[in-house]
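Pasting the structures in now, so scroll down.
Consider the two complexes below, in which subunit A is the common component and subunit B and subunit C are the respective partners.
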Partner chain A sequence: MSTTFNVVTSQEYKYGFVTDIEADSVAPGLNEDVIRFISAKKGEPDWLLEFRLKAYRHWLTMTEPEWAKVDYPRPDFQKIVYYSAPKAKIPKYASMDEVDPELLRTFEKLGVPINEQATLAGVAVDVVFDSVSVTTTYKEKLATVGIIFCSFSEAVREHPELIKKYLGSVVPATDNFYAALNSAVFTDGSFVFIPKGVTCPMDLSTYFRINNKDSGQFERTLIVAEEGASVSYLEGCTAPQFDTNQLHAAVVELVALDHASIKYSTVQNWYAGDKNGVGGIFNFVTKRGLCKGKASHISWTQVETGSAITWKYPSCILLGDDSVGEFYSVALTNHKQQADTGTKMIHIGRNTKSTIISKGISAGDSSNSYRGLVKVMPKAEGARNFSQCDSMLIGQTCSASTFPYIEVQNRSAKVEHEATTSKIGEEQLFYFQQRGIPTEEAISMIINGFCKDVFRELPMEFAVEATKLLSLKLEGSVG
Partner chain B sequence: MLSIKNLTASINGTPVLKGINLEIKAGEIHAIMGPNGSGKSTLGKVLAGHPSYEVTGGEVLFEGKNLFDLEPDARARAGIFMGFQHPIEVPGVSNASFLRLAYNKKAEAEGREELDPLEFDDFIHEKIKLVAMKEEFLDRSLNEGFSGGEKKRNEILQMAVLEPKLAILDELDSGLDIDALRVLGEAVNNLQQPDRALLIITHFPRILETIQPQFVHVLSGGRILKSAGKELALELEDRGYDWVLEEAAAGGAR
Partner chain C sequence: MTSAVVGSNLLGDLLSRPRPAEWASLREAAERRLAGRELPTTSDEDWKYTDLKALAELSSGPALKAAVDISSYLLPEMVGTRQVFVNGHHAPHASCSSAVPAGVRFFPMSTASEACHALGTVGEGAARDLFEELNTARFVDGAVILVPKNLKVALPLHLLFITKAEAPTVVFPRVLIVLERGAELELVEEHHGEGAYLSCPVVEIRVAEGAILHHERVQREDPEAFHLGTLKAEVAKGGQYHSRTLTFGARLSRQQPWVRLAEGAGTTLDGLALLDGHQVADTHSFILHAEPHGTSHQLHKCIVDGRARAIFNGQIRVAPYAQGTDAKQQSRNLLLSESARVDTKPQLEIDADDVKCSHGATVGALDPEELFYLQSRGLNADDARNLLTYGFAADVLTHIPVASLRRTLRHLVMARTQADSLGDLS
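What follows is the complex of A and B.
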């Protein structure tokens, strides 16, 4: 299983380098001219420029949200460079010998192949770009059944009618501070379209998407599944991701029509900063799915292990009757990391169902909060929700909080919430040790057991890697 | 096999063991008895290496080697097993996978072949018969939602899987009904061999009817007050502990 994963990831890096792209960028700062520049640079239609400007004008009236249980220096939005055309990566190091051995050790433990280690660390490697790439091959295969899977920019050029129809239909341009900022300045991302009745024959992964490695800071993802269509989409990877941009504000929109199903899985391992919390990524993401059609189904699975600050609530709007929303989450924080994550399940249609399984693990001096809203609207006859929010504490100086919000406006609704807090303590570890199991393996086994309900929602090879990743992240936390 | 010399230990600065001397040879069964709070359980935990206890003096040799040089997991792999009075519950970790990991860790340490899940499945199905455990308990989370008796059954199953040289059984009888006690007592007897030893820690003599010790020690106030043969257990059943304490007080504590 792990081997499959390595094959997949090495493919990415084999094909992940593109040369000869004209480089240019705009001066730091944000104003309407910058937005016009971005839009012009990308050759966008007028309606998209209008979408951006509207978002920007609204953003100016907004203030940064304060309600999350995270503490961080507010970014200076005038210091960010909002457009920098993709350019060839300049290697940071001339050889592997110059790379931090600690980092290489991490890669080794995760089983990252050596050439991939080099690319991740930013070492110069000779990569020959193969025009008949795996990407192209898959794209052609997908195209035969009518599936569109491409970069957001390409989708704007090739399929403007679809983008116009669905962009901002789930997360409006004015939705929240970071979503508005993203709507104004997003540079690229992914677009997936699964036509009526089609089951996507493979898991779609950002691994297979070319030319998009540097679109990270303000990424935009849109996935549409038409009537009866289904797709599983994977985002992220387990290897640590580094980026010079500290602030990340992505927007992900999912639309599921009648009887359609979208499964969206994320493994997030952005750089979390050093042990004192210096230099980590701020991850402020808006992810939302609209179960627009009858009996549609949207499922979010996330394993959040990185970032200095995580602010993220993958949500479902259950509009269609009999639609189903699911949220499975493992959020792990260590050292000085802070995570405020959870979901919103908005029941609008009749007999809508939602399930929330959240597992928070905190170690070190970290802070880990679950924040979730279950809202049942007046017409959501027979709506049902089950929520389970479990926290596990490792050590004495971390914290875990749960903020469940439940609003029910229909008497027939049934909402259940369960929460537990446990601790990997001395007694538990001693028990394992007394059976000959060393501490690190004991922790790994206990954590795995704790996260089992979420891991089994992940695609198999992802689950195996996620397991290793959690153990690695917790190394040295106990005992 | 085990040689304890003048062992002292404390918890949070409070002395609990105040000079224990005990020799256990291969093939022997010893019982440590005593009133509640006497330090019986502490002795077991100190030998197993519980992190809350600090060894403040004395020496313990296990097969000639200093026991305190070994981490608790290394002691376990060297052949020391402790049956817990209150086995801990671990949600999400299946009993079978826990047992297999424990088995394989020991096998690895001894240079024996590790068992894959299928091989282990055959192996464990033989073992559960020894303790009359139902198969479903293998797939359940480790001790989670087990009754007191089921937890103890699981402890002895682990002992049967690991086949330790020295098994320290802490209050095996607590939480067990008569029938279960007999089954588990017999299982322990079956596991006892000339190259293995048992240290039974118990408050009540009842369990010693099934697992018959050659040596019985009364521990109180962190010291062994009296050591004798198995007839001492019967006497304690009749007369309780007070007379031993009084006798020790009259003779002056050793």
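What follows is the complex of A and C.
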């Protein structure tokens, strides 16, 4: 006997509206002139243009990766708009009053606090709309303790020495197909620099929004925490609902020096396409943190609920002795979504530790894969890894896979990997119903319990958002 | 004679060997599929951790008939139930089938080729490895085992493949096993050898409804040899296939078991690899839960010393609608030296929701607390280490049903882990 788990429609995508705003775009297509155009538009120094061109020339020799368990029409790179910016008279808004009210309304609708007076949470936000950063809040306040938090373009102008030193130092321009593409055409993003000994007094956040139908988003984030510094950084993203696929290929680089700590949290809610798999974002992202210093600490927490296709492996290179890498992930796929996500933990230094907790939930016709690498190099004396990857399947037509790669070259290492697969039991549901809790609510509670280990790593506001998001995404998918 | 395979002398040489007359169409088909193929390299995902460069340099002289002394390989339970193959040829004088129970057919393939229409049909549709194709194209002889309906064979059968390579050569052992409905059998398959050679065995197994096969596989090739084996088993409704693969020999070896489970069928696919020196041992297993309510259990252990490398790639696939599947997979690895290396990749691919699947992998050295405990009981550091190492291996050997084989292997493992100085632990 079995209850039929009917997959009906899920909650409509709330952020699917388009903002009618005049954009300053380059014609679709990619060639060296487009790259020169982007670079000139941003008033970049020559070395950065060189960096882009080198990446582009290398990209031309590369082929799209095919090893992931995702199936999608290959994007036509000549049809993508590589630069799209809200049209404005002044390149960067001097104060909030100058911001196009239409834009302000967009972010209000999204619930992103870009008006400092109106914020309650006390989170500093950098807002990126298509290809440019619109505004960054709390800059002055942060500057008093020496923290630099600004858009990437601004950092290139104001702090070129820092950018030159760290750009591409964790994810080389030639690293992989999408990282190379990003290195060639990235338009904006956020830059964070926490000087020696400073603990960032508030959470920093970037909000990404794709608005233009034909544009790709290629942002670049670079976070550097000097000796003893620490920061918590949040990233959120949405996009309008189009019936075409848009490409999002970001690169995020984190650098932690001695005793520094970076906590990077993402709630990814790009448009996932409709229930028949039409439209949605292709999310091909390279995120990597370098624990460069002794006892440095990098922690990735992600809640992946959006995008038609996700291809994303936030990783840690544990170079410094006693450094720690963490990866906490919840990935939820529904309808025709496909996600191939996980992490890489490269143990190089002595006594390095890493923890991987991955929770995959697949519903509908979706496919959800965990793919991870734990690599212990010969010199990584005393390395320690613990991985736990659990999958939950909802419905008969979804699929869940686990592909952990474990490579150990040091005998003092201790590496453990565990994975389980389960479904929401009828008996569990029956128990809840018996106690007067309706099915929908019961499922939401079971899912929250399943994801608890990850949610508790999220900053509070994000944890609340993530919990809500998961129940919205699954609403109506079980009955 | 075609030598369409490019890039490696080895492949060309092998295909320029005369094609045996039997199973011509099977061999032609394999040759067609081999056209244009080359030895895999480490850029092939499937061979990422196993480098065949050294194999490409192996020259392949003809595999000649040779006389061997098999007395040291004989097991008392199976004196009258053995077939022996030397350098790929059947060795009638070394074989003895006087005790094979009536009804069971256990004979060299070359004597009754027409009876083996099932050959080459197991796992049709699944990907065929290059070395499996080479075997099909050029195997000379092998064993056939047919057990009729409902016959439970009391005595275990013994299959011995011995390679004696005066000069470098390549041999292709071939086995076909068919258990009819409700039949039961225990089989011991051993590979021994001397010299530098490549052995490419292919074993095909059909277990019919409700039948049960216990299969012990021992690989003790020469330390200079290569062993690249394929096993394909199809288990019908309610049938069971239980195997244990023990890897001790060869400089480079790879086992590729592939098992398809029908409704309610079960399998255990255990393995132990004991490696030292520059040995490389790779296990690439695939278990397909094609229908509901199948059960699979896999425990794979590796003990790696010296500069040796162990590789495990275990894939479990649960097909859509294979509800009620119960799959468990464990990869456990013990590193004994500075330069030992382990690469393990357990994989689950699940397309059904009502399943119980789990896998786990561990890599590490001996637990210092366990070592301390044994020392606090009066063992010296070496003995403590050896005893724990032996203990790690021993649980794979515990359930070997053939007593003499179990003893032999335990002694072998004790000697290899130097636990024999502690007295007889078996």
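Criterion: the second predicted complex is superposed on the first by the 384 of 479 C-alpha atoms of A that agree within 3 Å, B and C clash if a C-alpha of one lies under 4 Å from a C-alpha of the other, contacts with A are read in each partner's own complex, and residues count from 1 in each chain.
Everything that follows uses one rule, which is that contacts are C-beta pairs under 8 Å (C-beta built on N, C-alpha and C of every residue); 3 or more make two chains touch, one makes a residue touch a chain.
Source: prediction; values computed, not measured.
By the document's definition of touching, of the two partners only subunit B reaches A:R435; subunit C does not. In the superposition on chain A, the chain among subunit B and subunit C reaching more residues of subunit A is C.
Once chain A of one complex is fitted onto chain A of the other, the partner contacts of A:R456 are absent, as it touches neither subunit B nor subunit C. Legend: residue contacts after superposition of the two complexes on their common chain; A:K79 is shown touching neither subunit B nor subunit C. By the document's definition of touching, of the two partners only subunit C reaches A:H417; subunit B does not.
When the shared chain is aligned, subunit B comes close enough to touch A:I446, but subunit C does not. Contact with subunit B, but none with subunit C, is seen for A:E427 once the two complexes are overlaid on the shared chain. When both complexes are aligned on chain A by C-alpha atoms, subunit A residues 422 touch subunit B in the first and subunit C in the second. Those residues of subunit A lying in contact with subunit B across their complex are 422, 426-428, 430-439, 441, 445-446, 448-453, 479. Per the touch definition, subunit A reaches subunit C in the complex via residues 2, 5, 67, 69, 376, 378, 391, 393-423.
Those residues of subunit C lying in contact with subunit A across their complex are 45, 49, 320-321, 323, 333, 335-365. For subunit B in complex with subunit A, the touching residues are 48-52, 71-73, 76-77, 81-82, 84, 87-88, 90-94, 97-98, 101-102, 105-106, 109, 141, 158, 162.
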